[in-house]
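Consider the two complexes below, in which chain A is the common component and chain B and chain C are the respective partners.
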Partner chain A sequence: MPLLLGTAVPRVEDERFLTGQGTYIANLDLPGVLTVTYVTSSVAHGLITGIDVEEARQAPGVVDVVTAADLDIGPIPPMNPNYPASMARPILAADRVRFVGEAIVAIVSETAAAGADAAELVVIDYEPLPAVVTIEAAETDDVVMFPEAGTNLVLRTEGGDADPESCEVSVSSVIINQRLAPCPLEGRAGASVWGDDGRLTHWSSCQGAHPVRAVFAQTYGMPVDQIRLIAPDVGGSFGSKARPTAEELLLPFLARRAGRPVRWVPSRSTDMTGLGHSRGQRQRFTIGGDRDGTMRAMRVHVDGDAGAYPALGPMLAANAATMSAGPYRFESMAWSTAAFITNSTPTVAYRGAGRPEAAALVERAVDLFAAAVGLDPAEVRRRNLVRPDQFPWTTATGVVYDSGRYEEALQRALDEVDYEGVRKEQARRRDNGNGDDGGRALGIGVTTFIDRTAGVPGSEYGAVELRADGSVLVRTGSSPYGQGHHTAWKMLVADRTGLPLDRIEVIHGDTDQVPRGGITGGSRSAQKAGSAVAEATDLLVVEAKRQAANLLEASPDDIVLDMAEGRFHVAGSPGAGAPQVTWSDLGERTVTADGPGLKCETDFDGLGPTVPFGAYVAVVEVDTETGAVEITRMVTVDDAGTILNPLLAMGQVHGGLAQGIGQGLFEEWRFDDDGNPLTANFSDYAFISAADLPSFESYLVETPSPNNPLGFKGIAESGTIGGPPVLQSAVLDALAPLGVRHIDFPLTPERVWEAIQEARRS
Partner chain B sequence: MAEFPVSVTVNGQARRGTVEARKTLADWLRDDCNLTGTHLGCEHGVCGACTVIMDGVAVRSCLVFAVQADGSEVTTIEGLAAEDGTLHPVQDAFQKCHGLQCGFCTPGFIVSVASFLEEHPNPDDTEIREGLSGNICRCTGYQGILQAVKMAAETMQSA
Partner chain C sequence: MLLACPPVKPAPFEYHAPERLDEAAQLLAEHADEAKILAGGQSLIPMLALRLTSFPHLVDLGRVADLRGVEQANGSVRIKAMTTQAAIEKDASVGAAVPLLAKAIPLIGHFQIRNRGTVGGSIAHADPASELPAVALALDASIEVTGKGGTRTVAAADFFEGTWTTAMAEDEILSAVSFPTWSGTTGFGVEELARRHGDFAIAGVVAGVELDGSSVKRAAIALFGMDSTPVRASSAEAAVTGTSGAAADLEAAGQAAVAELDPPTDIHGSSAYRKKVGAVLVARALTQALEEARRG
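Take a look at the complex of A and B:
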């Protein structure tokens, strides 16, 4: 059997999804299950002066109604010990609400319809307080959302030292990285049931059963082994479901009171206001360098919008700042960050989690610097990229980059798009006064960027065991929500055992079946969980050879595993008649009533995070009368180390690109001045569709990482990192002759048109 | 609340029941017929995850009341594969072209595409993109889905 590593094996886990048999939370068959409905805050900031649930309690089909007064759990412990303790989030709001969508009352009912009817009968009285919707309003502390804390400031970080103003050329700007909603098609959802033995079984639409179990154990004061946490098929997440939200954490409490299973599947609008948002940063920078295009120093300040309760968001502002060196050789950098409470949905991770914000910052800085020194933006990037002989490279912010051939990837992207040819066409159009472009200005954007993957600390578990029928069972600590782990892990096992893919089974996402596991996030799975599976399989083969040696009465050193046949024989005697041992022979002999005899497990950590690289070039045409942007070319070159399966890798690139283009051109979460969401459904939130996208021209180059044996890096976030800045760069390039200096994300027709009008006026 | 009788042929099988007037076809299929492959992504007619074919037309079952489906023939994702389990060409192409990741939007896409290809057996890229624009997918960037539609069109043409 030829090596599967690096080949485009179609996914083997697809059939249940294709035929409507996916096990999403709403699809689980849970006999006697009750429905949970939350009544949430309709005001962004206010005091709760009354909660009347009596009528709801009497409504048909209602089993239970719960408010904060009934709870003996919560608040949710803060994620970071440096957050003010008084900012911990209660499970249900008691006397004050801090964002529209914050849960106040839980209704447990026989049916969803009964719950919806009863929710209408709940009366909540508010004394409204001024809403703080923006970073600008929050940082003044004129209105403080947590009086005990006395400030809206959650976290401040700083470091480094730089003086870009002393360089020959320096440029400053303030730019916005807008608030986004992650929008997985399946929202947060969960179900709980207590066993007669006092054990809790909880199903969670999440990114990893074990870390979610830990939060439940902490919330309920239970040992983890008293909780069986199951992550069934999960309908997307993109970082947003790494930790359970308050509404999900309450489900075991509700199930215990009802003495029956409960399930919560929020409506789309409830999920869009309750599931964490992300991005939401204001970024200031000053970049300095030489007139020849050498970039030397940069100072950045990032302000982050934490939302109403601090979750991961404040740390993402810090992450964005320290990652903003990008792929460039800055000699010095200084950074500072601050994150503030606002009356809005709390911010969490969303695909890229700090690196898209970092790339947007530094790429805008590089474009401004290139314009200031009068050099081509691609050329300025080329001159400042970290060179292949400089790895491991430590940035001026202290981040270590493992490997890469950045210039090669950039050149590939420029070649694929015919950069010189497109620039010539642009010059031709401009030379004749754009007389023949039909009012469509041609722009070219270039972006070079890095990611940092497997940055979430901790090892990942992998185990393989031989079953009696000679098939192999894999237990993986990493829990997929669309990435294709089952196919990928089977390829790794097949390449080591000679077994066909259909003789390998993968189990994930059940804490009773897998002893340990982390989250699937930060593009860590292939590197950590994949490496663990590969390493455990290597150990299994060593053990299998020892057993085969006994059967064949030979030394283990002389046993050969014939990969084509998946059989063991003695070296030098591979012929048909020679004695052989199959995996089935070993399975039959080793599996006993006590379980498998051949079983190997490992916890893989690796030597550290890896740093993938990307070079993207976008060609756009901007209609100068309507502001509409059409992407005519989107050329991407990604280097994520060794590629396990290019079909899956491209799927990740494409999906990330769609979300990155969404941030670049369409998506923005909006509130009115009172903190009311204006985009809390799929009609009003500019969700990208097939008609909005071109065909991508995506390529891969492979520079293996030294940090894990197979050389993997993560690739799932590249498109959300490179996508937004390359489009901003392209649109601003198109509009530069009109005098347009800057347009913040998203570059919607409205914003582009307004920028053109403003430039024409001045 | 008053209930009304409904009788619908679902995937070739006669189904009868009584429903409140406000019950959607999607909820009836999921709750009363136990056909949970029809997914609810938004319940306001944007995402298309709940798409089913009703009397030959692709509809969003979250925007159709069960009583409106009375007397009709409905095909859901569960009814597309052959009885022996052979996948419909659209299902097969989605798998081969990596047209799905998390799988939540997939039933709606497959049903929509199966219906689309009945009307547009030989679509060009622009027609495909427009045909797909009633369904949204957050995972794939639509690239694999576009390829799958092309592959399925070829397969169905040559069949």
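Take a look at the complex of A and C:
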């Protein structure tokens, strides 16, 4: 069998998913299950002066109604010990609500319909307080959402030293990285049932069974082994389901009171307001360098919108700042960050988690610097990229980059798009038109960027065991929610055992079946869990050769695993009649009633995070009369070290690009001045669909990482990192002759049109 | 696999599925303002699911066989109300007789929506940002409405009264729409600006022209997404009629079309933006129509 590594093996998962055989929370078969419906806050900030649930309690089909007064659990364990303790989120709001959508009352009912009807009978009285919806309003502390804390500030970080103003050329700006909703196909969902033995089984639509189990154990004061946490098939997350939300954490409590299983599957709108949002940053920077285009120093300040309760969001502001050196050789950098409470949905991780924000910042800075020194933006990037002989490279912010050939990626992207040709076409149109290409302004955007993957600390578990029938069972600590772990892990095992893919089974996401595991996030799975599976399989083969040696009466050193046939023989005697041992022979002989005979497990960590990189070029045409932007070319070059499966890698690139284009041109979560969400459905929130995307021209390059034996890096977030800035760069390039200097994300037709009008006025 | 817990979202309602139009009219008369007609469900069902509205009775017209089909006679195309948008989109003879329908329908939602959505349902729903009401208005369509007392015909110009409000009484059902066929040297154009493909228009324009030699003999223009109803741009029609349709004429027509309008401001677009874009789109729709007419 030829090596599968690097080949486009089709996803083994898809037949099951596409034929409706997947198991999600909503179609779990749970006899006697009750439905949980939450009544949530309809005001962004206020005191709760009364909760009347009596009518709901009496409604048909209602089994239980629970408010904060009934709880003996909570608040939610804080994510970061540096957050003010008084800002911890209660599981149900008691005295004060801090965002629209915050859960106040839980209704447990026989059917979803009964729950929806009963929810309308709950009466909650509020004494409204002024809503703080923006960072600008929050940072003044005029209105403080946590009186005990005395401030809206959650977290402040700073470091470094830089004086960009002393450079020959320096440019400053303030830009916005807008609030987004993650919108996985399957929203939050969970189900709980207590066993007669007092053990809890909880199903969670999440990014990893073990870390989620830890939060439940902490919340309920239970030992982790008293909880079986199952992450079944999960319909996406994009970082937003890393930790269970308040509504999910309450489910075991409700199941215990009811003495029956409970399930919670919120509607899309409920989910969009409660799941957690992301981005939401205001970024200030000053970049400085020489007139010849050498960039030397940058100072950044990032303010983050934490939302109503601090979750991961405050840390993302810090992450964005320290990653904002990008792929460039800044000699000095200074950074500071602050994150503030606002009356809005708490912010969490979303595909990239700080790196898209960092790239948006530095790419805007580089474009402004290029304009200030009068050089082509591609050329300025080329001159300042970290060179291949400079790795490992440590940025001025202290981040270590493992390996890369950045200029090569940039050159590839420029070649693929025919950069000179497109620039000539742009010049031709500008000469023919009146500065705006006759109503269709052509723009070219260039972006070079880095990601930092496997940045979530901790090792990952992998085990392989030989079954009696000669097939191999893989237990992985990393739980997929769309990535294709089953395909990828099977390829790694097949390449080491000679077994066909269908003789390899992968199990994931069940704490009773997998002893430990981490989170699937930050593009760490191939590097950590994949490496663990490969390493465990290598150990299994060593052990198998030892067993085969016994059977063949030879030394283990003389045993050869024939990869084409998936069987063992003595070196030098591979003929048909020669004695051989198959995986089935070994399985038969080693598996006993006591368990597997051959089983190897490992925990893989690696030498540190890896830094994939990319270079994107976008060509756009801007309709200067309406502001509409059409993407005519989207050329992407991505490096993620060794590519395990180009089909899976391209799937990640395409998905990331879709969401990156979404942030660049379409999506923005908005509130009115009182903190009411204006975009809580797919009609008002311009979530992108395939109908609005161009055809991508995507390429992969491979610079193996020295940080794991197979040289893997992560690729799942490249499109959300490179996508938004390359579009902003392209649109602003198109409009530069009209005098347009900046447009914040998303570059909607109206925003683009407004910017053109403003430029024409001034 | 069926969902083990179907997400029941609408408030409870009683479901009626009559097989004849008169039965449907009778049901409506019986339940008065407690009943709502269910056609393709592409607007009503989401509103029910979001509990933005609720009705104790839904009268589904899906099984009324006599409400489906197309007839062409006497210079017009009569489309029965429950004919799906997709059926019209795929019907080449309708496209030839009433080109505006063929051009406008692909802009309605996505094909999945058009497979369910009906011509009558869209016009009866009267969303000011949707395409078919504007087509009906521009072409002076005749709208047949049926109550328990019989059927009457309402001119499109008199039909649309406000957002989701029409000249139909509560117990009347839109049963068919007749679109006049234009003869002579004609051309048509549709222009729309929406955030995403398939979204309701921020601004949209449908236009038709008939040429007499090189000059515009007749023009029909309607805008959508610009007011609480689709808007017939009579002044723009007058402005362009008799001209050669030069760029300046079309720009003037665009300005005339929006001069009296005060479009709504919402999350998708401000009033000023809609007005500006509306004028641009009028000129572009006319350009499209003129080019088509000149090609012959």
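Keep in mind that, in the parts below, the second predicted complex is superposed on the first by the 757 of 762 C-alpha atoms of A that agree within 3 Å, B and C clash if a C-alpha of one lies under 4 Å from a C-alpha of the other, contacts with A are read in each partner's own complex, and residues count from 1 in each chain.
Throughout what follows, contacts are C-beta pairs under 8 Å (C-beta built on N, C-alpha and C of every residue); 3 or more make two chains touch, one makes a residue touch a chain.
If you're wondering where the values come from, they're calculated on a predicted model, not measured in any experiment.
Novice: Determine, under the contact definition given at the top, whether A:Ala686 touches first (chain B), second (chain C), both, or neither.
Specialist: second
Novice: Which partner does A:Gly655 contact after superposing on A: first (chain B), second (chain C), both, neither?
Specialist: Only chain B; A:Gly655 stays clear of chain C.
Novice: Could you say whether A:Thr748 touches chain B, chain C, both of them, or neither, answering first, second, both or neither?
Specialist: In the superposition, A:Thr748 contacts chain C only.
Novice: Between chain B (first) and chain C (second), which does A:Gly20 come into contact with in this model arrangement: first, second, both, or neither?
Specialist: Once the two structures are laid over each other on A, A:Gly20 reaches both partners.
Novice: A:Pro10 in the overlay: touching chain B, chain C, both, or neither? Say first, second, both or neither.
Specialist: First partner only, chain B.
Novice: Specify the partner with more touching residues on chain A, choosing between chain B and chain C.
Specialist: B
Novice: For A:Thr626, select first, second, both or neither according to whether it touches chain B, chain C, the two together, or no partner.
Specialist: Only chain C is touched by A:Thr626; chain B is not.
Novice: Can A:Leu185 be said to touch chain B (first), chain C (second), both, or neither?
Specialist: The answer is first: A:Leu185 touches chain B but not chain C.
Novice: Taking the superposition on A as described, I'd like to know which of chain B and chain C A:Gly235 touches: first, second, both or neither.
Specialist: After superposing on A, A:Gly235 lies in contact with chain B but is clear of chain C.
Novice: Looking at A:Ala113, would you say it contacts chain B, chain C, both, or neither? Reply first, second, both or neither.
Specialist: both
Novice: Identify the residues of chain A that lie in both the chain B contact region and the chain C contact region.
Specialist: Residues 20-21, 26-27, 112-113, 267, 681, 683, 688-689, 691, which sit in both footprints.
Novice: What part of chain C is in contact with chain A in the complex they form?
Specialist: Those residues of chain C that touch chain A are 1-9, 11-12, 46, 49-51, 110, 193, 195-200, 202, 267-270, 273, 276-277, 280-281.
Novice: Okay, in this complex, where on chain B does chain A touch?
Specialist: My answer: residues 20, 22-23, 27, 30, 35-44, 46-47, 49, 76-78, 80-81, 87, 91, 94-96, 98, 100-107, 110, 125, 128-130, 132-133, 135-146.
Novice: Can you check the complex and tell me which residues of chain A touch chain C?
Specialist: Residues 20-21, 26-30, 33, 35, 111-113, 116-117, 120, 263, 265, 267, 269, 625-626, 628, 666, 670, 678-679, 681, 683-684, 686, 688-689, 691-692, 748-750, 753-754.
Novice: Spell out the residues on chain A that touch chain B in their complex, using ranges where they run on.
Specialist: Residue positions touching the partner: 10-11, 14-22, 24, 26-27, 112-113, 183-186, 233-236, 238, 267-268, 481-484, 647-648, 650-651, 653-659, 681-683, 687-691, 693, 695-696, 719.
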